[in-house]
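Questions regarding the structure given below will be posed in turn.
The first chain written gets the first letter, and so on, giving A, B and C; residue counts start at 1 in each chain.
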Amino acid sequence: MPAVQETIEQVRNIDVDQYKYGFETLIETDKAPKGLNEDIIRLISAKKDEPEWMLDWRLEAFRRWQTMSEPSWARVSYPEIDFQDIHYYAAPKSTSGPTSLEEVDPELLRTYEKLGIPLKEQEILAGVRKQGEPSDLDAIEGNGGRRVAVDAVFDSVSVVTTFKKELAAAGVIFCSISEAIREHPDLVRKYLGTVVPTSDNYYATLNTAVFTDGSFVYVPKGVRCPMELSTYFRINEKNTGQFERTLIIAEEGAYVSYLEGCTAPQRDENQLHAAVVELIALDDAEIKYSTVQNWYPGDKDGKGGIYNFVTKRGDCRGKNSKISWTQVETGSAITWKYPSCILRGDNSQGEFYSIAVSNGHQQIDSGTKMLHLGKNTVSRIISKGISAGRSNNTYRGQVSVHRKATNARNFTNCDSLLIGNDCGAHTVPYIEAKNATAKLEHEATTSKISEDQLFYVMQRGIPEEEAIALIVNGFVKEVIQELPMEFAVEAQKLIGISLEGSVG
Amino acid sequence: MNVHATPQMTAAEQALIDTYGQLFSDLPGDTAVVVRRDEAVEALKSGLPTRRVEAWHYTDLRRLLSTVPAFDPLARAKEQPALLSGATVLPVLSGTVTSMPQIEGVAIRRIFDRLSDGSLAAQLFDGDAADAIGAINTAFVGDGYALDIAEGAEIAKPIELQNLHEGGQTHVRFATHAGRNSRATIVERQTGTGEALVSAISHITVEDGAELTWIILQEQPDDATFLGQTNIEIGADAKFTLFFMNAGGKLVRQEVTVNVAGEGSEFILRGVNLLAGGTHCDVTMVLDHAAANTVSTEVIRNVVTDQAKGVFQGQIRVAREAQKTDAKMACNTLLLTDEGEFSAKPELEIFADDVACGHGATVTEIDQGHLFYLMARGIDEKTARGLLVRAFLAEVIEDLENEAMVEALEEKLTAWFATHG
Amino acid sequence: MLEIKNLHARVAETGTEIIRGLDLTVKAGEVAAIMGPNGSGKSTLSYVLAGRPDYEVTDGDILYDGQSILEMDPAERAAAGVFLAFQYPMEIPGVATMEFLKVAINSQRRARGDAELKIPDLLKKVKEAAGTLEMDMAMLKRPLNVGFSGGEKKRAEILQMMLLEPKLCVLDETDSGLDIDALKIVADGVNALRSPERAMVVITHYQRLLDYIVPDTVHVLSRGRVVKSGDKGLALELEKNGYAGVVGEAA
């Protein structure tokens, strides 16, 4: 595995207080004025050329949101957010409705390069190679058969989607949610808001009112999506909130693997990110959703950074369906995120694999909910938390077996690792059983890297910081191996970088 | 205590306030105590906690405490035989101490006197919004025992504190101070007959080098509400073992607050919850490791049958200076009916890096492999199930070192199974 | 190659002194056996040589190739060529043995300014060494030492030693937990590494291992000091008469 080596290289090459993705892209943007009111929502809807029902839905959500208050139960603290001091719409000017890659601003392409978008997609984005042509990189990477379709969301809009034609041939729809609302209104109307209802929670309701873009995926009956789908989210503009909305539907017997990556430039102020993701798996369908979240975490004094308040939920609506969440959370000043599964269909399965790394002044409160409603439903939770610096890292999870969910099974394992004595690691599980045939097992541990292990590894000639990175990568291996290959490599690098400076 | 405004008082809330109005002039206490009592009642006026208060997440006291029976001034419960023969019994009968036995090495006082002279005021309700039990008890507490175990004393015979009622309300306290290097075993019995609201609070201080074992046996009748609270502070190189068995009651909340405050000390908790009928039983523990090199282990076993509801909340908190803490907690539940429920919330809150902390929680049915094995040996299913459930619980009881105590508690187990098995 | 002068070392946390004025010289090409009863400081000596942070050197010095290594951390000592085969090798969950070998070898090469080993070359080397130790390559895909039997762990230690090519090998109770067949294989592995440029310090409680790894010198340790030195005959004498005579004599 070259990954660990690369991690080590990365750690060596990067200064302690340097966030690799903290560059700003200087391109012209089209921005709505700051503030939130019905006119702004009408403006967003108009910019997106939305039908009337969509605007009505947004306005209803906005009215509800005004009656709601911010949740306070999570172990995170931050100054009050001024929701009127945010731009709710920002779009790169040159990209209004790109029809081909050539129209994409070269600055943007350079952005993707810096973001570490897999090399082969960069080639496509940069126009070096046409889709479907073999790449020189195939031989080196040794995975010539693998391709990933990429959607990139820049501030508020989706700027480019690759492999569209090929996907269309398979019947798969992969486009921005704005496009889906225009082109596939029936599908959107049928499913949007059915997993995360309008008034689900404060941030989700806000998102419903103001979301500007995101991805839409529809995989028809019996289709195994021929490639991995990927979205890169990037907040670039100052004082801009990013509110993306993602909807993925896997019809009967369909399969799709979807990846998302997130980054933002370094800024002194905090920026808000409040996304909603809804997944729907019908009978025998499977959705695999992977995230590498690396929003700007703030500097070493805790200044700046993204507030990441995200609602992600999957509905195993059909029998024998399966939804699997894998997340690597290394960024954001605050993470508030609980990708969940509603196990409605009989024999459905939910999985949650998580690595949450906090350093500096980061605060993470993340976990999952597994709601067992159907018979013979199975869930599995593997959470690995690593706290360093002055950060606080909380796992919060709920496993609930309802009265009629006979033979439900859950296995949960939460391990936390503390590096240094100024951080905190917390585990808050809620385990609820209302059926005698349920079998729930939960185990959690908190410890530090053992001195004995560290001495052993160093005795083989591996310097301390690399030794720690090696042991930590071993600690998170069970989750890393759930990620698609390209992401696994990137994730391991990120973990190494995130822990840089945590020793000594 | 409910942070959200409560528009209208429930019948139970109203009854509590009214009772205070009737009784306050008869309750013992100096000015300091009266101030605390008034504060407690003010807190009650703002409403009992709902599930929105995190500490009461699974026990919505406002909803569950539906009625509060009136005080019965004529009730006089009778002393019970001790759990262990030879134990010295200190009985509180329907809320009042009636005898003061002598124990060598232990100074015994009535809580009535310690309220009257104000020396107990510091242990009363201190305004913590989630402390509903503290508030209710502070408002009405009239008596109980305060034990002071002398430095170095080894009390050979167990001391049995009995809180007995015949319906109505009783609110008692037990305050125990175990001097340096002392040794003692204390049994706390909570039982009675008839519809009742019982609250009992113990403050226990274990000084450096002392070893104290505390057994709580709660066997309230089916129509009683029991609100118990045990607060423990453990000094350096001291050891405190707490065992509880909950085997009755309609609504039971048992709070355990532990401060492992001295280096090199140890806390052991073993608990058995036998939940049947319409019982709602909530055991909530908050355990603070505040000093370095301390050890704690907690094992809770629950059996839930009929429509019973069980809750275990266990929070282990390790302070930044509590390096080398070794804390392990396990909560295992056998849920025997679909009408029953069990919820567990085992929490870790860790601020020290050089620690080994863990918790495990399971909810399962009886192991089918074990059941099959016993049945293959000719044991019928009902008997086999009974054997397995009993063994599951007995394992925890057998962790106690005192064999006579183990036997006595296992008899209680047998008796419970005879009624509910 | 190794010169230990009046070494005093204690447990950092408790301050208990374990090594109390130890002198020992081991030349290049020499195999020195360190024997002694339980608690005489044998394992502590191995840890202090490798730079384990739980121990503090309070007096004396350790010279390696004429230079003091006391200020070097464990990784620096390892890169300089000091290898410790642990009595109880640590389990490293999630890190495949092969991956670990690669990182270790290349870390050391980098520290010495050598080019990193390419994967095919590395594989070839590992395959060869594993073959000598009769180890299954499939085992190298498993996380390092996790779930390995006692014998497998010891073989993995010797495998690492062969691949890292140290100049000073310290073997701490390598024979413990090995059956006779495994012992022979491990000893053959060690013997294959004997060379005029390499020194070995073989720590053992029993003479048994020395039947297979025949030492040039034997040193008896008691209460943190070398109390008697001799040739391999001394080991046989200890086997026959026990430690009491030698240790008593010195006390």
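Just so it is clear, a residue touches a chain if its C-beta (ideal position, glycine included) is under 8 Å from a C-beta of that chain, and two chains touch if they have at least 3 such contacts.
Keep in mind that this is a model prediction, so the values were computed, not measured.
Visitor: Quickly list, by label, the chains bordering both chain A and chain C.
Guide: Common contact partners of chain A and chain C, which must touch each of the two, are absent.
Visitor: What is the identifier of the chain with the smallest separation between its Cα mean and the overall Cα mean?
Guide: That would be chain A.
Visitor: Using C-alpha centres only, name the chain that sits farthest from chain B.
Guide: So the chain farthest away from chain B turns out to be C.
Visitor: Roughly how many whole angstrom separate the Cα centroids of chain A and chain C?
Guide: 48
Visitor: When the C-alpha atoms of chain A and chain B are each averaged to a single point, how far apart are the two points in Å?
Guide: Chain centroid spacing, chain A to chain B, equals 44 Å.
Visitor: I'd like the Å distance between the centres of chain B and chain C, where a centre is the mean of that chain's Cα atoms.
Guide: From the centre of chain B to the centre of chain C is 55 Å.
Visitor: Looking at the complex, which residues from chain A come into contact with chain C?
Guide: Per the touch definition, chain A meets chain C at residues 1, 4-5, 8, 450-453, 455-464, 466-467, 470-471, 473-478.
Visitor: For the complex, which residues does chain A have touching chain B?
Guide: Touching chain B from chain A are residues 73, 401, 403, 416, 418-448.
Visitor: Residue numbers of chain B touching chain A in their complex, please.
Guide: 54, 57, 320, 323, 333, 335-338, 340-365
Visitor: Taking the touch rule as given, give the residues of chain C at its contact with chain A in the complex, in rising order.
Guide: Residue positions touching the partner: 50-54, 73-75, 77-79, 83-84, 86, 89-96, 99-100, 102-104, 106-108, 111, 143, 160, 164.
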